[in-house]
Amino acid sequence: MNLAVLVYTFLLRTKKFRKIDLVFDAMLITACFGSVMQGPGMVQRFIDLMMNPATMMIMAWGFATDSMVKGTEYQALLFTRPLTRSSYVVSKTIMTWLGAQLVFWKCFLALLAANLLLHPKTVTFFTGWDVLYIVANTLSFGALAVAVHRLPTKWAGLAYILLFYSYLGGAAMPAGVKFTGSAQSATVPMEMTRDALSHVLYPVIDLEAVFHSTTFSIVPILAYISNILIYITLATIMLNRREFSYAQD
Amino acid sequence: MLKINPGDTTATPLWLLISASLFLVLRVAASLYEAQHPPVPKEQIAWKENVEISKQIEGKPLLYYFRADWSPTCLQLETDSFCNPEIVETINKSFVPMRLSDTLKPLVLDHNKTKELIQKYAVSVFPSLVIALPDGTLFEKIPGAVKHKNLQKALDSAVKTFKAVQGSEAFARGDFDLANKLLGEYLAENKYALVDESEEFFWPFECAFRRYICLRSLSKDSEAEACLTEALKHDNNKPDWPLPLLRYVAGTISLKELQKSEEPNLEPDLALLAFVNHKDQECFEHLEKSLPRTIYKSRYDSRAARALVAKLSPDLRKQLELKYFF
Amino acid sequence: MISVTNLSKTYKRGKIKALNDVNFTVNEGEVLGLIGPNGAGKTTLMECMLGLIFPSSGEVQINGYNPSHIEVKKIIGFLPEREKYDSWMNAREFLGYHYMLSRQPLGGAKTAIEEALDTVQLVAEARTRPLSTYSKGMLQRVGLAQMIVGKPRLCFLDEPTSGLDPTSRNVVRDVIRSWKNEKVTVVLNSHNLDEVERVCDRVAFVYGGRIATIEKYGEAEDQFTVIVKWSGPEDAFRRLEEIGKHAELELSLAEGSSARFILSSKQQLPQLARSLVNAQIDVEEMFIEKKGLEKLFEQGWRQLNEK
């Protein structure tokens, strides 16, 4: 882990993207007040939306990226410093994890404030399990975001969009329903593959489901830890092999 | 290839490689083990297999679970939600659960029946949960692998309100006898004990109105009055519908004030009231106003009002039929 | 300190040869200049030495380590050609960032940053402005400062004076000279032959991905060469030799009808002229030979065109 990278990534978000944050804050406050005015059902839906994997992707992206506008981190200069590329990846992951959480807590506090202002008697809040859910999932999404950003730029953007839409699609698998009893639908193998892929490295873990279930299964926890380590390893390997060169004179 | 020399800034740390490989191996091993020895939950959902008989039995809402063997999302739903003890308890206690699978092994169930059900409920994704009333009417469809929290909420809401929906369906068909029975049971169970401002707030009051109509049409006026009084005891003085309607029926507010509420259901409700007060002409006038509003055809009160057309005197009925049904 | 052995770098499966079997060494405390035409491979060579790109064959060793080794990174400073620094930071933050990156003790950060900014003569009011508001000269100074805070023992500078005004160029030169005094090794990449001459101990000419010649370029500002061309008399050559002996001027070469005298100062020029007249040599032409590096450049161009 590298302190300089941690501080830089934090400053990057707080100082560089300040103007964009103002817009985001304004939108957030409007959304919070709007949903509270609609009632507790709407508030709950707002919270569910925040915790949706697709939203998590966006939150994590903000920190994992070098920049949102032209002018990325000057990595050609950065990697002439005594900094191992693996420590760079790990530091970025940790900062993305902490940073994404900050965004969530800001959103929830705004929601709570709106709720207390408009409907002080009935406050829809989130449980301890939700807190753990956010903490755990921001870490895995942070690692995933950092890994995706180590791809060459055009591939990174594409990969991000694909992942976003696969998570946005949710957990339903549309199927050509042919009740023949032996699943002869031609698209089933393709759908199975696609589904398997999205499940193999699916970064989400629902801690409440794991611990509240009548049967305890360690597979989700192992999958979660394994996913994070795989993302970090992939990111490190990709970064290690990358060459930094600017155009010839 | 992969560099692991210590000291090299472009080397992959050994600890990372080893831990990633280790956890991957553990994970694959655990998955394979669990696939062979799936963990058996302590409480299981008592799935019924025979579709026909189950429907008749218990007067509980039906829970159809459409699944497929080849869908990992179904597995996810089953491990997340169906292993949750609260959900299992809710389902076993308050529903008649039926599981319909598209499986690679020969089916126990009749293919055709299952196909019929799929078409009836327009199931398009796996997994899908369908909550139906005891007579098969669709109550709610829950596609996808919902999280157990959301499923719990949906099931609880269904348990609380299915009788109200059942009764309202009967009311909408014009079967006031059955509607009275079901709505009476619902009101007796719930006793208006709902959280202020929750989404199910309006149900008891709407059911109270419908029960009032049923009782009046069955000439049980005193019971009708008792029902109305009981409902108004829980009046929270807010303008939320259908409280103004109940107040109007009780005589606390005038028609003009009622009409201020701009509720789309107003005309059908007034038609129903006029009918039970044996004011056919008034009923006819309100029906004339409510029938053209086709977008509200699915609402219970609107449907009940439409059913009234058959009960009007022949000349009034003819006029309406000519205008709106042909 | 640096040893480059059989270094080659190819792109597109060997179709493009950016570097072709480069061999040279750089000693500790030396200032090496790399000159060459555009596209010769100077930047590629520098990037290989910095460990930013990986050679296709051959190796680079810095103090016995691979360039991507952490021990090497600890002593390196790099001034890139393009000043794409984090434009949202101000000078102090940027230097603080690089100070932290170079693993300096955190306590002395403030002092070191101010010292570095003073060394590069960045005006005080500019130090709190974001880098996006800086001119090219100021950015170059900040670049130098970020090298200085790292306390490097080996410096790589890529086109440090391109597009700079004379004041900024002086700053760069002074910094390089101070490094020279501290026995810091410097590898310098430049088109500006003047600058290279003034600070470099050795100069390498790079063209077509190869190193053509490495000349030892001492502090030869005081020496210059005069070429004399004559048309007669017959024994002019003998007479020139005598002139050389008498005037104590070094006659370095004499062939055909031209001779080359090396003078230690311009004051000797009139003396040479008088000697030639007294010796009754029919001087056709007498001129000061073009400066060493320019000659090297031209030589290289010629060889390139011949190939």
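Think of it as A, B and C in the order they're written, each chain with its own count starting at 1.
The rule we apply is simple: a contact is a pair of C-beta atoms (placed from the backbone, for glycine too) under 8 Å apart; a residue touches a chain by one contact, two chains touch by 3 or more.
All values reported here derive from a predicted model rather than from experimental measurement.
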Statement: Ranking chain pairs by contacts puts first A-B
- request: Would you mind checking which chain's mean C-alpha position lies nearest the centre of all protein C-alpha atoms?
  value: A
Field: chain A and chain C: spacing of chain centres that average the CA atoms, whole Å
entry: 49
Task: Round to the nearest whole Å and give the separation of the Cα centres of chain B and chain C.
output: 82
Message: Distance between chain A and chain B based on Cα centroids, please, to the nearest Å.
response: 34
- line: Among all residues of chain A, those touching at least two other chains are 79, 82-84
- prompt: Tell me, which residues of chain B touch at least two other chains?
  reply: 9-10
Field: Residues within chain C bordering two or more other chains
entry: 51, 70, 73
- request: Please name which positions on chain C make contact with chain A in the complex.
  value: 38-39, 42-44, 47, 50-54, 70, 73-74, 76-78, 80-82, 84-89, 93, 97-98, 100-103, 146, 150, 156, 159, 191
- prompt: Which bits of chain A are touching chain C when the two form their complex?
  reply: 2-4, 7-8, 11-12, 15-16, 71, 73-74, 76-84, 243-246, 248-249
- prompt: Mind pulling up the chain A residues that touch chain B in the complex?
  reply: 39-41, 48, 79, 82-86, 119, 122, 170-175, 177-183, 188, 192, 195-196, 199, 206, 208-209, 212-219, 222-223, 225-226, 229-230, 232-233, 236-237, 240-241
Task: Could you please specify the touching residues of chain B with respect to chain C in the complex?
output: 7-10
Touch list for chain B against partner chain A, complex: 2-3, 9-13, 16-17, 19-20, 23-24, 26-27, 30-31, 34, 39-43, 68-73, 76-77, 79-81, 83-85, 88, 102-104, 106-107, 111, 114-115, 118, 123-127, 143-150, 195-199
